[in-house]
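Naming follows writing order (A, B, C, D, E and F), and every chain is counted from residue 1.
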């Protein structure tokens, strides 16, 4: 089975912390990765994003799924 | 300024593809990273997630922001 | 009031589990439904998605809202 | 491979519409389904959600992934 | 119909820009608003968030729905 | 550092409620704001969205980050 999500990072679980309903899972990513970000053209222009720029990919942790 | 998002990956932009409204930005992440996933306790139990397991962190690309 | 969300499924609540801040609500959907997925053109090509294919729509439960 | 997403609906693709960067995929879901929604305890109380209530699960289409 | 989303801001549409599949809608919000953010306890501690702090609520525009 | 998220609202924290893993943060937004919503062209047509319409921007609270 392949999934449409463009960002799949293999790694090892470092920690699992359980709450009543939710859990916080820390995964150590093993190797360099290519991240795909779908953002507005407006943001590309406002931040003047170009190949070669040093940037950060920012992801809220509630958006991260785990596959095993 | 610090942001509450637990997943911030520094890297270099490899490619920017512009659509009419949206854009697809590819970022090459430079180094090993710790990813935080907030998932249900139910998923932790169904997948039997434990420290040391090899897993994948899966993220839909529309959830990835870019900071510069 | 109509909402821009393209995926609205009517059903009956089967269970509500309360945590300290979050809750897990299980809803039994009553009938066949048409799901709309907005994904990258890149994913459509990589997965070779075509009308008639059997696929799965995958949704993280933190993305599901409840309207009553 | 199993994924932590609690909502996986099997169905047939009815239509694929390509944009410059994004695509809109319509999937006909075949059978009754149980949907999991993670919402705030505050919303459960404000909407007075209880087992047996008729409600709608509402999902923005940019949150739906496709697995094949 | 009431929805579980805790952030509903009434305003006037200023602009609608159509792409092939997606659209960018600008809404002018009329009045002071209370925003609810569900974040990790870890972030609250790392950013030392306390009542009275001046902060920003940050929301990716693909997460914003429109109701009319 | 600038972020691609098009919706950044400055305000004061009114309340922080901690759960085991998650927290609920209420932020009082100080001034009128322009909100950007990225939705399908299909929704723009179905809701007949035009400049000048009174609408609501609806955002699930798990999508809101906090920056300080």
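Quick note on the criterion: contacts are C-beta pairs under 8 Å (C-beta built on N, C-alpha and C of every residue); 3 or more make two chains touch, one makes a residue touch a chain.
Everything numeric in this text was worked out from a predicted model, so none of it was measured.
The pair from A-E, A-B or C-F that reproduces the interface of D-F, where over half of the contact pairs by residue number are the same, turns out to be A-E. Between the chain pairs A-E and B-D, more C-beta pairs are in contact across B-D. Rounded to whole angstrom, the centroid-to-centroid distance between subunit C and subunit D, based on C-alpha atoms, equals 0 Å.
If you average the Cα atoms of subunit A and of subunit D, the two centres end up 21 Å apart.
Listed for subunit A are residues 1-6, 18-24, 36-40, 42-44, 47, 56, 58, 60-63, 65-68, each touching two or more other chains. Those residues of subunit F lying in contact with subunit D across their complex are 24, 38-40, 42, 60-62.
For subunit E in complex with subunit C, the residues that touch the partner chain are 1-5, 21-22, 38, 65-68. Those residues of subunit B whose C-beta lies close enough to touch subunit A in the complex are 3-16, 18-41, 43-44, 47-68. Across the interface of their complex, subunit E is touched by residues 17-20, 22-24, 37, 39-40, 42-44, 46-47, 56, 58, 60, 62 of subunit D.
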